[in-house]
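Below: one structure in structure tokens.
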Amino acid sequence: MGMLIFSGTGNPDLAAGIAERLNEGMGERELLQFPDGELHVELLDSVRCCDVYIVQSLSPPADRHLLEMLLLADASRRAGAASLTAVIPYLAYARQDRRARGREPVAARLVAELIEAAGFNRVVAVDVHSRAIEGFFGIPLEHLTAVPALAEAIRSNASTDSVIVAPDLGATKLAEHYAKLLGCPVVIVRKARLSGEAVAVSGVVGDVAGRSPIIVDDMISTGATIEAAVRALLEAGCNSEITVVTTHALLVGPAVERLRRLPLSRLVAADTVPLPEEMPLPLERVSVAELLAEAIRRLHRRQSLHTLIARD
Amino acid sequence: MGMLIFSGTGNPDLAAGIAERLNEGMGERELLQFPDGELHVELLDSVRCCDVYIVQSLSPPADRHLLEMLLLADASRRAGAASLTAVIPYLAYARQDRRARGREPVAARLVAELIEAAGFNRVVAVDVHSRAIEGFFGIPLEHLTAVPALAEAIRSNASTDSVIVAPDLGATKLAEHYAKLLGCPVVIVRKARLSGEAVAVSGVVGDVAGRSPIIVDDMISTGATIEAAVRALLEAGCNSEITVVTTHALLVGPAVERLRRLPLSRLVAADTVPLPEEMPLPLERVSVAELLAEAIRRLHRRQSLHTLIARD
Amino acid sequence: MGMLIFSGTGNPDLAAGIAERLNEGMGERELLQFPDGELHVELLDSVRCCDVYIVQSLSPPADRHLLEMLLLADASRRAGAASLTAVIPYLAYARQDRRARGREPVAARLVAELIEAAGFNRVVAVDVHSRAIEGFFGIPLEHLTAVPALAEAIRSNASTDSVIVAPDLGATKLAEHYAKLLGCPVVIVRKARLSGEAVAVSGVVGDVAGRSPIIVDDMISTGATIEAAVRALLEAGCNSEITVVTTHALLVGPAVERLRRLPLSRLVAADTVPLPEEMPLPLERVSVAELLAEAIRRLHRRQSLHTLIARD
Amino acid sequence: MGMLIFSGTGNPDLAAGIAERLNEGMGERELLQFPDGELHVELLDSVRCCDVYIVQSLSPPADRHLLEMLLLADASRRAGAASLTAVIPYLAYARQDRRARGREPVAARLVAELIEAAGFNRVVAVDVHSRAIEGFFGIPLEHLTAVPALAEAIRSNASTDSVIVAPDLGATKLAEHYAKLLGCPVVIVRKARLSGEAVAVSGVVGDVAGRSPIIVDDMISTGATIEAAVRALLEAGCNSEITVVTTHALLVGPAVERLRRLPLSRLVAADTVPLPEEMPLPLERVSVAELLAEAIRRLHRRQSLHTLIARD
Amino acid sequence: MGMLIFSGTGNPDLAAGIAERLNEGMGERELLQFPDGELHVELLDSVRCCDVYIVQSLSPPADRHLLEMLLLADASRRAGAASLTAVIPYLAYARQDRRARGREPVAARLVAELIEAAGFNRVVAVDVHSRAIEGFFGIPLEHLTAVPALAEAIRSNASTDSVIVAPDLGATKLAEHYAKLLGCPVVIVRKARLSGEAVAVSGVVGDVAGRSPIIVDDMISTGATIEAAVRALLEAGCNSEITVVTTHALLVGPAVERLRRLPLSRLVAADTVPLPEEMPLPLERVSVAELLAEAIRRLHRRQSLHTLIARD
Amino acid sequence: MGMLIFSGTGNPDLAAGIAERLNEGMGERELLQFPDGELHVELLDSVRCCDVYIVQSLSPPADRHLLEMLLLADASRRAGAASLTAVIPYLAYARQDRRARGREPVAARLVAELIEAAGFNRVVAVDVHSRAIEGFFGIPLEHLTAVPALAEAIRSNASTDSVIVAPDLGATKLAEHYAKLLGCPVVIVRKARLSGEAVAVSGVVGDVAGRSPIIVDDMISTGATIEAAVRALLEAGCNSEITVVTTHALLVGPAVERLRRLPLSRLVAADTVPLPEEMPLPLERVSVAELLAEAIRRLHRRQSLHTLIARD
């Protein structure tokens, strides 16, 4: 059965990189915005009985990129595609996975339902913020991870005095994953703070004095968490070789400005979301193109994805 | 059973007007955008066992306003709302109701499915571009019309030498509706043009020489259709009293500029979509607030909406 | 994967013609009516893992033919068919695509839902009355058109003095399709008439004096529309060479009598619905068997249907 | 909440009787057939937030009456009915409840799915042929029985020498129900016959010599089963007082002729299906109008239907 | 496409027998119970794009075996299985196919819905208690029968003086199936008994005096029915050569004790449910492994199952 | 509208307590197990148009208790219940909320789907292991918490030298909830341990020397986690006043034995699951009957549950 890869506008460079690694051309499609802002989609290649892979990062603006992806799916389905796979390097709304304060939506579940309603048969995503998101989908979610590739990229930084730092409790499992790959201990920065005077734990849990921290997180949004972590680590006496590594470098709002002010030795990120063209930061990119290409290749050859999947 | 009205950001003034006419306060909600562009919704009023009406115009940017509406629905549903009604003064994507050229989505159907997937029980909309959209929904669509109110607003213009003008074939039924209310004849401007020399009909179908045209359309987007109609009517010798009336004044792109250049006596539109604050146009607004308030009132009192509904 | 074609009783001759062109025998089935009128269906050929095509015209009586088709689908599905395609040369109920007057069903949507409920994966239909019907189906609808074949059949009639006539506004797009293929101008007969004295447009829009009209419509039911159009054209001074061409010649009620009384040179129709055996009319048939066979052939070979599809 | 009763054309007299007993007028509706046989439905009364009961016997022609009922449901649902109950005095297709011979549909399940697809919330039916049909519906089926009323009607016939006769094995449970109510023994006529010489049981199981048989069945279609039973009973020496009682007197094909030839003392049936106006048979009718009215009354008053329900 | 067979713990020996006959290894899986009783499932073989067959008898405890099967299905589906077939040698809850007494569930329908909810595409089952169960499933149910194999096993017992005995009315169709295969007459034992003195039929319907009874039933649960039948047959003067044959030998509660006390010559059963290891009964097993293997083989080769299917 | 409370066998004492607090009798139902282990359910009270609350703890054996609950739902739904609420004091399978190791099911999602398939409209649960479970349900999940009541019960233990102890990372949010209510600091015991020598953090994060630990967890299964935490705290020099508090005291396997061996001052648990009658442990129970009764009361009075809901 044939394979066709279409790309939305969420991260076209990555999509092109994936197609190239698969020795496939990109499926031709027209994707334009009418003057009133309505999106319009047309597929120029026949998808009749093909396995269609729609590569779309839900990078900002997530709502537009989401709708684009759903429209591409509807077009593919009505044109006779045999199966539809959403390849989502960055899945937005994953942090809204519970009703934390009250009468909120479970936005991540809603997004999952919209994706299913549009006719997708399967989702491939990378380092989704919450592992439980898998259960929000009725269709299979192949949860890939860029952590091994990112760990490889910073292996040279990982000396005997390095520590992997989870900048908040939620990143602990991720930190343990890096730690296992790099053979380093884990340190946790506790962000949450009880009101009142009684606080038993210091901000930094574990010994960082004189050590080189490697701060890991699944995503960097405004950079506030990283900034706070760096300040806490410095206060705790870490040495000056500070590395930050993440999968999704959204870098919105004051992020670039914030990160530039920090004394970072390296800042490493995957390419799941596009970067502003003029990024005045020494950001090193690790591409997930091969990871996603390999996943598509195996899906298409009906092989196991087992070794590419995130676990805890 | 209680009633609660929430508004998205698609047209908050209209929503406020509706609530006021119903002597109801607006339901309190927090609706913000995170720095990365993700929307976040929280309802501050209890909706437990209430009939919830979410007023949201799908004005540009339609994708964002659509997702906002779906998130409000999910929050309401999970918080125990008894029923969910989407009150959509302007329903975007209604023109994408068929696969006109090839491997396109049927975007209007997709939007309908997303609305159903979010848990809405009913939709109330005004002058939807295509009447068949009703069949795209599995849930009931109450299709209201602003035409009687708009016709009333221009009745003073409708003298014995007036003609109602459909600026293209698709507007003919609408023109006949206005004509019936105002007692004027209908004239059609044919936009479609066959390639080649053979064209049997002139641009303007019907007699407009020396007459005052009242051009009607369901929506004005970039103004191109209106502009072409005005030029054709002038060529055909209409007199200088030209009126334009529409339900949805999107006025995107070059629309304001275009309309300003035209010799219009009056430009009348409903308030289904918000206007730019600085609109350098003598646009007269006819509010649909009472129409929508009356529809909600009857729905809530379990009365027939029959007299408010668009027919052909 | 194997292919099997079953036929209902809606148009068995056409089904046989399709199967013949595909070099496939018809799937054997027993289809009988019990004395109390209940239909009973049994498939005599194995459909295990075959692509099953059920050819059924929803010709009158549409309700019986519809149920027959649904029963054939249920039998196929339970017997292990790999996929189910409804091949519907004439799709009834397509005119009931909106609630025109009040508390009516959207019958076309209901029919679509029943077809989906029975397990069909795809529908192939010919010249459906309303293009928006596509959006009534959640499954893909391949909307084929007999217009090119019909246009070919009347090409000899299309001289320089011919005009294509849309007998009402709803047929304008269709007339433009014929006009494009035959290089003729389009004339419109306006059926709708405003009450009161004020009517700006005459019955016939465009110049027909001394010209040979080719009246086109998607279907002829009782013939009233055609009769009115012919009378209007004659009054407008058309010459005596009048051609009528249509896809679906239902010819119910007084149709045959009416058409016989009209001074028609030619009456051309496709064979999507069966004709009464004794049809005292010089009706020329253009078969859609090859069109439908080609569609099935391409579906089965996983090729694009693009060139067979109706557009506007 | 209001109540509205609409009737299809399957048994309008019964529907009127039900409405009368409920002191409700019938909901006004227009139900016509277009010249091409398409059904068209319009509700003239507002159903907004009413509990709608659609009374429709699936008497022959079942396919037409089924579609009528589905169209009435769609119209009601879209017009805002609060709930939809199908009141089906005779449920056709109930005998097609299994794939008895091979690649058949399970037609009864298909009918159930169509009823659910049209939006019904509940079904009320009388003496459905197979009790398992209940499990074919996802929505509740209230399975009423006319047996107590019918038993009452023939109580005068039930003397000490009477026997209740099940004319085939399938009617045994029904016969036991009558027997319990009338205090008579049960006799079974075995219709099924093994090929070959070895048959251990005679046609009539139980002692009928000199006794008055009361033959009971849920339905009489062509009358063949009754005819065979009568002949077997006469051969077995029953006396000449033969009573036949049934719920659904379809009496199709040769049924009237057959029954007229038999020496029956009484022929008693409910009025779940209409009878031909000229029925040259001394058929006594027992109306189920009160049974169905009582069921609707209790449903509407939110009371238990327990005592009206068929059990075994 | 590859095939993989997984087994639950409902009848692992039978599953192994099936796999062996197919020359397939069993799919490796881990299936354990946590200390709190929660089941945990993990598939160790890749199922990516394989047709997965899950062999699980719903032998007691049925609830646990049902949930096991659903968990195996969910794991397979999420791991990318191309299709899921439930192979259920014994389908529990099939007797709860109606609301016999009042406000009961239709448990068999519920079980069908749970099986569908877990993502199965098809069910293969053996001698299900009620044929109508097929209509409880929306997915195809291949209803196999062990009767031919069981009949073969007792053919040596079937002499000219043998009679097939249905131990209650519900088993009559089954008895006729055996009778047809073995050329014996059928005798029925009527279990149901009317209260009061009036009983027209004796306990045994048909002549058994001096004959050798072969009692057949689809299942033996506590053995009460068999015990009552044997006693009735002995009273009616049958000879001492009594055979009992059944598909599902559940033998729960007092069954083994009861059967041991009866003067049975042979007791023959299929192996659809496991037997207690120490079964102090001369029970002869007839394996359905080949029947189920053949069904899977044909499903996998896309061949008709027609000859393996139960009919009536 | 009436209210009816039915109880499964998962925790009948708690159900009785809830009903008592609501001044409602328990709905009468028969719930028995057939000799072959099949469950059978019958409701003896009419549920017609009542709001039905089914109280069922998914305590071990969870599979049986789950099926019981689903059968009660099916019976209620078919008997005409207006709405169905599952009140689940302990929701099993919540820890299986992701595919942690490989080809596993997402069991918690499967359970959610089964609950929805049975027709429930809403779920009320207490201290579910993972907050994201809410997103596994399409229906609203009211997530109540027993923490305030449990905190109240141990307030006397909470002196200035107390610390709240999370026995593993996953319990940190819970610990912070207790800490906020009791004004104590939080200490974390890290269970996860990296292989190899490099471990930067000690087992106990925070200062416990000389302090009184209050160990909190959502559930105690085998007691292993608690045992390890106590040992680590003692090693870290905590004082001898050790309190353990939990919502769900499953206490399976070696739990009772383990806990008895530990030097605990107090062991406090809610009564969401029943305890073995002979529990040789000084376990103090805090009943959630009032919490659940209050939730039902508010649901029935259409009031907000806001203040009863768990948040983070």
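Note that the chains are named A, B, C, D, E and F in the order they appear, and that numbering of residues resets to 1 at the start of each chain.
In this section, a residue touches a chain if its C-beta (ideal position, glycine included) is under 8 Å from a C-beta of that chain, and two chains touch if they have at least 3 such contacts.
Predicted, not measured: the structure shown is a model, and the values here were computed from it.
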Each chain counted as touching chain A and chain F at once: B, E
Third chains touching both chain D and chain A: B, C, E, F
Classification of the chain A:chain E interface as same or different, half of numbers criterion: different
Of all other chains, the one whose Cα centre sits farthest from chain D: A
Most widely separated chain from chain F, with each centre as the mean of CA atoms: C
B-F or B-C, whichever has more C-beta pairs in contact: B-C
Between chain D and chain F, centroid-to-centroid distance (C-alpha), Å: 51
Whole-Å separation of chain centres (CA-atom averages), chain A against chain B: 39
Rounded Å distance between chain B and chain E, as computed from the means of their C-alpha atoms: 62
Chain B residues counted as touching two or more neighbouring chains: 46, 78-79, 99, 101-103, 106, 109, 113, 134, 306
Inter-chain touch pairs (all): A-B, A-C, A-E, A-F, B-C, B-D, B-F, C-D, C-E, D-E, D-F, E-F
Residue ranges of chain B in contact with chain A within the complex: 34-44, 46-47, 60-64, 66-67, 70-76, 78-79, 92-93, 95-96, 99, 101-107, 109-110, 113-114, 116-118, 221-222, 250, 252-253
Of chain E, residues touching chain D in the complex: 97-103, 106, 108-109, 112-113, 130-136, 138, 143, 163, 169, 172, 176, 179-180, 183-188, 192, 194-196, 198-201, 205-208, 306, 309, 311-312
Complex interface listing, chain E residues touching chain C: 122, 134, 140-141, 298-299, 302-306
Residues of chain F that touch chain D when the two form their complex: 1-2, 46, 48-50, 77-80
